[in-house]
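Chains here go by letter, A, B, C and D, matching the order in which they are written, and residues are numbered from 1 within each.
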Amino acid sequence: MSQHLETGPETLGGDPTDYVQLLTPEGVRVEHPDYSLDPSPELLRCFYRDMTLTRRIDVEATALQRHGELGIWAQLLGQEAAQIGAARALAPQDFVFPTYREHGVAWVRGVDPLKLLGLFRGSDQGSWDPAEHNFGLYTIVIGAQTLHATGYAMGMQRDGVVGTGDPQRDTAVVAHFGDGASSQGDVNEAFVFAASYQAPVVFFCQNNQWAISEPIERQSRIPLYHRAEGFGFPGVRVDGNDVLATYAVMKQALQRAREGGGPTLIEAYTYRMGAHTTTDDPTRYRLDDDVQRWKLKDPIARVEVLLRRNGYADDEFFARVQQEADGLGAHLREGCRALPDPSPLAGFDRVYAEQTEELAAQRDEYAGYLASFEGAN
Amino acid sequence: MSQHLETGPETLGGDPTDYVQLLTPEGVRVEHPDYSLDPSPELLRCFYRDMTLTRRIDVEATALQRHGELGIWAQLLGQEAAQIGAARALAPQDFVFPTYREHGVAWVRGVDPLKLLGLFRGSDQGSWDPAEHNFGLYTIVIGAQTLHATGYAMGMQRDGVVGTGDPQRDTAVVAHFGDGASSQGDVNEAFVFAASYQAPVVFFCQNNQWAISEPIERQSRIPLYHRAEGFGFPGVRVDGNDVLATYAVMKQALQRAREGGGPTLIEAYTYRMGAHTTTDDPTRYRLDDDVQRWKLKDPIARVEVLLRRNGYADDEFFARVQQEADGLGAHLREGCRALPDPSPLAGFDRVYAEQTEELAAQRDEYAGYLASFEGAN
Amino acid sequence: MATTTKMTLAKALNAGLRRAMEDDPKVLLMGEDIGRLGGVFRITDGLQKDFGEDRVIDTPLAESGILGTAVGLALAGYRPVVEIQFDGFVYPAYDQIVSQVAKMHYRSGGRAAMPVVVRIPFGGGIGAVEHHSESPEAQFAHTPGLKVVACSNPVDAYWMIQQAIASPDPVIFLEPKRLYHSAKADIDPEATPPPLWSSQVVRRGSDLTLLCYGPMVSTCLRAAEAAAGEGRSIEVVDLRTLSPLDLGPVTDSVRRTGRAVVAHEAHVNLGMGAEVAARITQECFYSLEAPVLRVGGFDTPYPPARMEEHFLPDLDRVLEAVDRVMEY
Amino acid sequence: MATTTKMTLAKALNAGLRRAMEDDPKVLLMGEDIGRLGGVFRITDGLQKDFGEDRVIDTPLAESGILGTAVGLALAGYRPVVEIQFDGFVYPAYDQIVSQVAKMHYRSGGRAAMPVVVRIPFGGGIGAVEHHSESPEAQFAHTPGLKVVACSNPVDAYWMIQQAIASPDPVIFLEPKRLYHSAKADIDPEATPPPLWSSQVVRRGSDLTLLCYGPMVSTCLRAAEAAAGEGRSIEVVDLRTLSPLDLGPVTDSVRRTGRAVVAHEAHVNLGMGAEVAARITQECFYSLEAPVLRVGGFDTPYPPARMEEHFLPDLDRVLEAVDRVMEY
């Protein structure tokens, strides 16, 4: 039978509770038929710590931008659970392609957050080694990285590290992107390629409801996770403010990918609590009401409630994390100011792996020019 | 509830009978719950005539290419029903954006097929007036025209000719494309824009199973019409070799668009019986078996059976159409050879609506250069 | 508004867009965040409020989609003015621009008009992250069927945007983003502007001709001023139109001065300077006392912000090139 | 195969690709219809059969997707060699090429390698419909981080494709499609080829230097031959590498001849000729007896096939430019 879908749920964006949730905003554990999870107290504490420290990175970076130490900063406030849940579900060998906002994922992957600051300060364009952390460089051109992730996943297939059954070897790749990015041709082409080759890639979309000033409704009139079905692979929506659910859903999708089951689209339904970046002014386009409503769904608070209610963590734990956060803050404040400016000549030497005579000459000419000033002083 | 689709029907490309059909290959009328049609004998004869003449255009053009009169020709053999059904469903005010293969649609829209030959001969790049026929120029860059159609449809919304209830005014726009094109970013962006603005556009995909040498399975592992659902608008698959079904499905989608109901994707399931173009050699990549199997589903034969069985057309009718086809053939053969070559200087004058001094000077210089040869003779 | 008003370049563009929209109901604005937000640079501030969502269209986040639908709207008789949020984000739309927008008039045998304006905030100097400081003009100027212009000051911005919108041909309209909110200038809406397709001598001089456009014009004017202090008389020409070039004033000038330097932020290799130098040399061969030299961005990707002051040609680098040319 | 074989340019590319794939298991081919069909020009004929579907990858019909996944494959340690079916279809991939492929090494602080080769059959003269005869080289040459080369004969094709694949940097590899199946040449797989990044003097002469690449080389050689008949001695340089340029042989030549003409199929405005002319003028100012003139495609879109003989610079148009330069 031909299908003539009268698509579109009641409201644009769909029923917001139409998602996988394992921990309510009130900190109550709930069950889900497809995603069971029995997290150890240790894992829960780990989530709490990750999210708290990640938020601290964000707060410090925002302050550093205000003080003129960064040119700009893309805040993740509100998206901690989506990022930490997604990142903690990774196996060490998995590889991640981030946007410019995945500070939480970077944290979990062991990237010194100072290195994130370097990019936003303008000292470099990402100074961590992707191969060391299995965490790619931030990508600013919206959606481009989803294809890179898909290609990398095709590489894993060719490396023979998909579906071997060896959990130490089987590898999945993650493509992060936003709700706005879902409109880009590149993202949809990534879906086509991933589906066509059954590449081991998980498309992780943080639907934070906004693409700068444009609400999600401009990009899609139906829940984004449905997009995957039209390309022939599963899509699932998860409460992106619920670190447990995000972790569980991501774990399953990664496993599926590693086993050779092909791609999955995860829509982590969350909210951008801050501005798009520090140069943005959201009061021009959105109501404070919404923000207030989402405050009640804070991703960290609900884990704290869970930890305390179950006696999984005591005051000392929380104090220790706080202390750690303060230490991290100091590290960032001091480290940021100390970040070296890029050398004016170094750039010439890394345009090509094999330098050209032309560019070497341009470098020398500029070196001479700079030297002429030194002589003049 | 979150949806975790284990998509993908039994076979890639889906069950081929999972489509709307109103006339079987054997010429038997069948009913469909969603698409009822009671075609007049006149309409049936019209379909037959259109398809027969369209096929004749194709045959003549192919022969002209073999004789060196055309540089290349993109054959439509086998796709007559899809094109004629889609085109006859149009209202006069509807506007069509074709690919390079919509010779049948061009025919219905009143474009002299000789003008199609001009393009493939290299005399011009399309010499019909799109505004006269509400039929755009052929587009060769795969998928680009789907965005043009969507933009044009947005223009219709702004013109106030959508959803007025006046059947003489309400306007729909059609974007033609192929199965291969469905992988292009542009086509998917067209889906995004059309859905976002609920533009009155019908996406008409002739899934002829091949993109040059690549089978549909490379582009999509599930039936293409499902793609629309992920973007939030309906998709439907129709037997593209059944002119009645294509007509009925297209009529309904156009009506929906005109009424302001937004876009529809129609996948016309058909088969490219010929080569991709006259320069292609399909024996390198596909089995003759398939072609033989599809011969049994010929779009014209089944209408002939229907006409004869019901006494809707007599031998004289068929002879008349044959005669008309012969006349058309002669028109094309003579007309093609007589097509004027483009003037070497005319091109300079239509790069810009407002000519530049630079280019006018380049034109004059070249005119002088050409004249210098004439002088020399 | 019949009286002269002081405006920044950003405000002048806003006023120019507003006037174009008032003059012609077929003018539409399209882009990301141009509605409620007024664009990330606020160039379209208030326009959606006044002209409605049908004429100031916030689009999905897809540049090819924006240009592709603009083509359709133009074919339907509209005059879309597209905002590309930053220079580096025009490339996803490159295919629609060079293969569709640029060719439509030609391939239709002159029937179809394609009055699409693509506004691109271009160039560096604002301390941004990557892809926010590109100078893509040469890539468009190389494409027949497009016209390419760059404004350099509020008065030109005000008039040129209106002239570009009125043009029946597609125009790539480059806006020097680092000057958006700098010096104001008096704009008289009753004045008669120079033609869009004209370069303008913005400072007279006799020793050397300095050619520039967009953000480099103010740099070059300052360089000329500094050079004057050392007794060197530099003529500065604001090219304004990059394709077609208006070389009349340039060759007139070079025939007098015998020397020329072209400055732009774009990479030197195959930048506008190459074309300008080649043409000047061709037209003024016997007048030239020295080769036309070029100053521009290095042939490296645009660097991290803390290196951009090196990358961007500044007063000193312009003067150094002037010195080299004078020494011939 | 240790013996010399006669091959067309198409076969030479096929043999070069085959050898590169044998030499390095990380080399992958990607593109539309390159598998069973062997590509629309049969350049990859038989390679999928011999190396399998994992190494000769028929892709979905999406050029940005091809280049974007090639970036990912390169990051995973592979060496993707991408076939763009025709020049005019590279533009949907333009963003991935100029913003990702070109910049990856730089932005990674020199860590990431991006050994991607983008093979583009380019130029006209085959009687094709629109978008099948473009010459997009200048747009890539303007982009730092890319290297751009063009082969002009079977021997170069054989070696240059292997050298491009071996290069750790991204290479835009331009193939003169109208020469694919024309004259054969002897290929000796044991020979030592000249470096990839070198231009080559392909005919000696003393009166004028004629610069060209790709499909124009044979035209220019014929022009030089014809000119010789009239007593004019023309030196012909096949540029081969367009970015970086190897101007050593060119300036050596021009210093001897004092005159130069650059010829290409691409539009003259901002074409390679602009850069070459500007640089020659800069380097050889005092040697030049005349400005460097350019012959190329007109500044119109590529015309319908039955007009292309006018659009494409032919022997006569090259000689006319030579005449003009000689008359100075």
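Points to keep in mind about this one:
As a convention for this text, a contact is a pair of C-beta atoms (placed from the backbone, for glycine too) under 8 Å apart; a residue touches a chain by one contact, two chains touch by 3 or more.
Owing to the predicted nature of the structure, the values given are computational and were not obtained by experimental measurement.
Of all chains, the one whose CA centroid is most distant from that of subunit D is A.
With B-D and B-C as the two chain pairs, more C-beta contacts join B-C. Averaged C-alpha coordinates put the centre of subunit A at 36 Å from the centre of subunit C. The distance from the centre of subunit B to the centre of subunit C, with each centre set as the mean of the Cα atoms, comes to 40 Å. With centres defined as mean CA coordinates, subunit D is found 31 Å away from subunit C. Listed for subunit D are residues 59-60, 62, 64-65, 88, 91-92, 95, 99, 106-107, 130-131, 144-145, 269, 298-301, each touching two or more other chains. For subunit B, the set of residues that touch two or more other chains comprises 124-125, 141, 183-186, 189, 192, 196, 218-219, 347, 351, 358-359. Residue ranges on subunit A touching subunit C, taken from their complex, read 71-72, 100, 119-125, 140-142, 180-181, 183-186, 211-214, 218-219, 279-280, 284-285, 341-342, 344, 347-348, 351, 358-359, 362, 366, 369, 373.
The part of subunit C that touches subunit B in the complex is made up of residues 28, 54, 59-60, 62, 64-65, 67-78, 92, 95-96, 99-100, 105-113, 144-145, 147, 167-169, 197, 244-246. Residues of subunit C touching subunit A in their complex: 32-33, 35-38, 40, 58-62, 64-65, 88-89, 91-92, 127-132, 269, 298-301, 303-308, 310-311, 316-317, 320. Residue ranges on subunit A touching subunit B, taken from their complex, read 1-8, 18-20, 32, 34, 182-186, 188-189, 192, 195-196, 217-222, 225-238.
The part of subunit B that touches subunit C in the complex is made up of residues 97, 124-127, 129-131, 136-137, 141, 144, 146-159, 185-186, 189-190, 192-193, 196, 347, 349-354, 356-359.
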